[in-house]
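Structures are listed in the sections that come next.
Look at the two complexes coming up: chain A is in both, with chain B in one and chain C in the other.
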Partner chain A sequence: MSIARFGGILSAVALAAACLPAAAQEAPVRIGYAIARTGPWAAGAQLTQEPNYIMWADQVNAAGGLNVKGRKRKVELVGFDDRSEAETVVRTYEKLMGSDKVDLILPPWGTGANFAVMPLIQKYGYPMIAPTATGRRLLGMKNPYFFAILQQPDRMMEALAEFLKARRVETAAVIHVDELFGLEQYTGLEAAFKEKGIRIIEKKTYPLGVKDLKPVLNDIKAKNPDAFIALSYPPDTFLVTAQAREIAFNPKAFYAAVGTAFPIYRDKLGPAVEGVMGLGTLNPKSSPAAKAYFDAHVAKHNKEPDRWASAHAWAALQVLEQAVAKVGLDRKALRDAIATGEFDTVIGKVRFKDGENVTTPGVVSQWQGREFEVVWPPDKATAPALFPKPAWR
Partner chain B sequence: MGFWLELIASGLITGGIYALVAIGLNLQYGLMRIMNISHGEFLMLGAYLTWLAHTFAGVNPLAFLPVVALALFGAGLLVYRLCFRRIARTSPAVELIEARSLLVGFGLMYLVQNAAYLVWGADLRGYSFLAEPVEIMGARFTGNRLAAFGFAVAASLFLIAVLRWTLVGKAVRAMMQSPAGAQLVGIDTAVLHPVVFGAGLALAGVAGGLLSMVYEITPAMGEPYTVTALIVITLGGLGSAAGCLAGGLLLGVVEALGMHFTSPSLKMLLSYAVFIAVLLARPKGLFAR
Partner chain C sequence: MRLATALAACAIAGLVLAPAPWLVSDFALSLTLSCLMYVGLAVSWAMFSGATNYLSLATAAFFGIGAYVTAWGHGTLPYAVAVPLGGLAAALFAAAIGAAVLHLRGAYFAVITFGLGELVRHAITYGEKTWARTVGRVISDPPATETVYLVVLALALAAVATAAAVRASRFGLALAGVGSDEERARTLGVNTRLVKTGGFALAAFFAGALGAAVAVRWTYIEPASVFNPFIGFQTVLIAMVGGAHTLAGPIASAVVFSVLTELLRLQFPYAYLIVLGALLILLVLYLPGGLASLLERWKWRQRHA
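Now for the complex of A and B:
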């Protein structure tokens, strides 16, 4: 053996030794999920939910990895398109948990999709913290692995009732979308308004995908209610706003549900949104943490998050991260840690009771200028409310 | 009286939007039996082109509509050459053209929709244009809906006139009734067929451009419009431009009245009840000969 050859072997050994720590580094934590990238759910899912997953994984990896009980491990997202189909959601989660055996899962988008995977997460024992699932019916299933971090309908509607009561609103007209979401919100609203003595003088339902609501709005305008409340989904939220303006129906309070918190709502309708109220949680003015979250989101995705459920999606990841740091990846222990712990998040302290986030209060937000200001409850408010609503612009 | 006027007018305007969505498909399916199930996707493309031009270049959406029409017409010629020419040539009967083009249409639907997802993402998009209310005889309407309605009526009248009174219209009708016979009397079907198909896509694109002023747009917006278009052209009678307009307007008015007297939730029930009733009384549609 020549000296040169020997030297070659030596350096090869040295090289291998140098590589050893890298080879011995632990495998990444695999986190699986299915979410809508195409189809009718995609607009919501790609605004509110998946951008947060991607940003979180990036931030965690940039900081050296996920803290698993003191040891840093990289995160690998295993995400699939569910094509806005409940059966694809179920099939994908079955595969992720049953055969791929990912370490953790993240929830799909929307009440229906979460409802569909609830039996599976219980079967395989994966905790799931859902930022876009609302409804007593989900919590009523008493699934120990399911956690709802978004405010539930009754909580949001109570806040609205308190806000209106404080401004001596006596009558309201309500329309709601004929879906589980609309029904749940309406049930909450009816109870809250009854308690506060606000009369509902008109109530109508409409189907998803409606292209015209003007006849209904004209009928309601003729009854002249103090408040108008549309428990609506995004396309109809835009529709009722544009059509109320079209017929100059300008009640003292104008409230629409999902979609008002979207930046595109302001960008499409422009100054017309001034004074419109809706479902929200926070805005960049709420806290330094909220500001940091908004800035990071814009830097990463070049678009603003919405002002309601996006922050809850981020908070859910923060809860998961803190729980994993404490108890590691043992999913039973993780579930118990989430169920019993208290967590610091972008939406404030979060604590769960029977699967429900019981610390985040119901919020009423209102567009003023270019910001969706929090106007209720008073201790969370970022601006005083515009009441009565100014005329349509 | 003013109330009724407003209710009916509101129904007519929404009906105009339904007719608008259907005109392009009526040319393709009604006149050529090409079941272009991706109709709504090309409408979506027209909407995105208009949105892009308005949002990033500040172009007036109405002024941009001819560009959309041309672009989609060109796309139509290309799509026809790539996908439908062979079907139209090799299918021995019109029923086979329908069946085969349906399959191709499904493929196109996925292709175009997913391409839009890749390019523009899944986000809701939209802009405000002609959203100011205009007062007409005490009733208030937004300019963009009136523009959509006006275009639907004008395009329908234009098509009725062309098909009935011009030589080209006659040739198109002849091509539908008997492709071989049309060739025998000297009609150049190799030119006319792709041109009519392209015109169908151009109309879909213009419809999309007009709708982008009224509603928000996403890559998934097309499918419901395809369904609406199919209902309208079946209701009106396949290939009849007058039927397409009448069918759309009828649906709009029935929905408006239904919303006032019952609840918007029953609107589907009412529309389909009208649909079934018309098909029972006139199985080939309102204006079929």
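Now for the complex of A and C:
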């Protein structure tokens, strides 16, 4: 074999070797998470969060893959059931970040589970954008890898206070669930109402898993407040609506917190929900992007997303996607990109300050017909508010 | 199992398992920790309930009390003090409650011990919101994973050693006496009330200490997560599948059950509960005496071959 020929073969081999990685499928970007598929957290997690993860991975892959600093790579979701248990959450994320060393992680569902992952994301250095975690205490941990994209309690309660003040509401009765969420919302509400001069004439609390609120509602009805506010969780939201209707307690404003934004709230209670207000962010009428999101969700999962945190879960994925496109998978750089960047999402522009989404305003939404209309702030409103609330149907 | 053999086995297990944090992967360590937690819970549960046939569903209550002791003490009490203190608080609570309810038997005892968990959960929720204006507690700088692991390992081994020592003692005989015929035990001069209360409190100590040790991993301690009835049910299930009247049964079962659940969960993310349920049904149908009865049957055959 002549040297020239040998050289020719060599260069051919080298060329082939150089082409190989490009020709072969590049390894997928592995994205790990644990989320409740069984146990008490499953209902919320499977309505608000995991369907968005699955839909996002599908859309990204259908479009040729995730843009990693200009190179398209498929994504592979590595998702496990956390059994609604803190210990299982911790163990699974230790596996994902410590042993499997996945490229990215997505958050679990709920404030408690997010708390449990906090020390781990800092230890292993994985940024996490949480759509279902609320609380000053969570942000108070000052974890540089943690980003809360949902509006925090004080922001939501300020919006409610502004809305009620604009309607000249003077008195309110409040009940709240004895849980971090209920307490933090109440603290926010108390401060906001004080500032706006709305008097809280009655305040009652109740335990998680309450089965009867009628005695409390009867007391409150006798005091005849302008507004009634239940800082409640989904089961109690359903309960308080049904029982207020039963005793015909119909204040000018009727507000219940978590669960009002769920499509099942409307489907189960029917016309009774007309005029009920609650925590929300957007609906299909909010923007073309919101409409596209709702349509895609219905097409993929054959069910509507909820009108509050679902969109935040989707927005969190959009933030992650845009940050990865910009800086790739280096997680330190990714964290910095998320912390300092501004992102275009379905919920509008998102920017973080000290881990908190500071661009999305507090919103008040209200059921009107089959839609949970945004009624506050005015520049986000999709319909004028029904005030006072019509009689129960 | 002879006491000396059991203690030697504990010592060997301790020597083998102690270096794990520096040798195995994070996930393997985490899984071992889970196994050890359930070894401790199931063995201490069986030490009282297996021997006396008093079916206690209070494990979650003890576990939660321990967890809250670490939560309350966080920042002031060192971890090494909070853990035994958590155990002690649970044991004191068990002794006080035991004195009041241990005359109940069967389903009544089971139901009231389950109710206890709810009682403590609501009492703590109420107290926290009234006096501390909060419900959950944040553990801002938890001890290192290695520390938690070693403490849980020590507790699990201590539970096994204690259970072995109890079985070999007069106290253990008295507990077993209560289990086989309480009237006769009393007639023979056993102070059944004292024995039952003591056994109940001793079992509670380990559940409380384990709660105090493990819950720091969760960063946020709230009533709903630490008084999780699932922890209590799982403990009873493990002990029964293993054979609650034996020492080795619950240990083997805790390891098998934890590892199996985990493997199924990771392999079949959507179907694992169905598989697990089917396995449990088969076990109950064909091995009512638990895993330990396999060994007993084999020994019996050896002897009568």
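We take it that the second predicted complex is superposed on the first by the 370 of 393 C-alpha atoms of A that agree within 3 Å, B and C clash if a C-alpha of one lies under 4 Å from a C-alpha of the other, contacts with A are read in each partner's own complex, and residues count from 1 in each chain.
Note that in this section contacts are C-beta pairs under 8 Å (C-beta built on N, C-alpha and C of every residue); 3 or more make two chains touch, one makes a residue touch a chain.
Note that this is a predicted model, so its numbers are computed, not measured.
Engineer: For A:Thr205, using the defined touch cut-off, is the partner it touches chain B, chain C, both, or neither? Pick first, second, both or neither.
Structural biologist: both
Engineer: Looking at chain A, which partner touches more of its residues: chain C or chain B?
Structural biologist: B
Engineer: Does the superposition put A:Glu87 against chain B (first), chain C (second), both, or neither?
Structural biologist: The second partner, chain C, only.
Engineer: Contact-wise, after the overlay, does A:Leu269 reach chain B, chain C, both or neither (first, second, both, neither)?
Structural biologist: In the superposition, A:Leu269 contacts chain B only.
Engineer: So, does A:Thr38 touch the first partner chain B, the second partner chain C, both, or neither?
Structural biologist: It touches chain B and chain C both.
Engineer: Report for A:Asp344: first if it touches chain B alone, second if chain C alone, otherwise both or neither.
Structural biologist: After superposition on chain A, A:Asp344 lies in contact with neither partner.
Engineer: So in the superposed three-chain picture, is A:Leu180 touching just chain B, just chain C, both, or none of them (first/second/both/neither)?
Structural biologist: second
Engineer: According to the stated criteria, A:Gly98 is in contact with first (chain B), second (chain C), both, or neither; which is it?
Structural biologist: A:Gly98 sits against chain C, while chain B stays out of touch.
Engineer: Taking the superposition on A as described, I'd like to know which of chain B and chain C A:Asp295 touches: first, second, both or neither.
Structural biologist: Neither: A:Asp295 stays clear of chain B and chain C.
Engineer: Would you check which partner chain A:Glu26 touches, where first means chain B only, second means chain C only, and both and neither mean what they say?
Structural biologist: A:Glu26 contacts neither chain B nor chain C.
Engineer: Identify the residues of chain A that lie in both the chain B contact region and the chain C contact region.
Structural biologist: Of chain A, residues 37-39, 178, 205, 207 contact chain B in one complex and chain C in the other.
Engineer: Quick one: which bits of chain A touch chain B in the complex? Just the residue numbers, please.
Structural biologist: 36-40, 42-43, 45-47, 84, 175, 178, 204-207, 209-216, 218-219, 234-235, 238-239, 242, 245-248, 262, 264, 267-270, 272, 303
Engineer: Quick one: which bits of chain C touch chain A in the complex? Just the residue numbers, please.
Structural biologist: Going by the criterion above, the answer is residues 25-31, 33-34, 37, 122, 125-126, 129, 133-136, 138, 140, 142, 214, 217-220, 222-225, 228, 230, 262, 265-266, 269-270, 272-273.
Engineer: Chain C touches which residues of chain A in the complex?
Structural biologist: 37-39, 79-81, 83, 85-87, 89-91, 94-95, 97-100, 111-112, 115-116, 118-119, 137, 140-141, 178-180, 183, 205, 207-208
Engineer: So in the complex, the part of chain B that touches chain A is made up of which residues?
Structural biologist: 3, 6-7, 10-11, 14, 17, 113-114, 117, 121-128, 131, 133, 140-142, 214-216, 218-220, 224, 252, 255-257, 259-260, 263-265, 267-268
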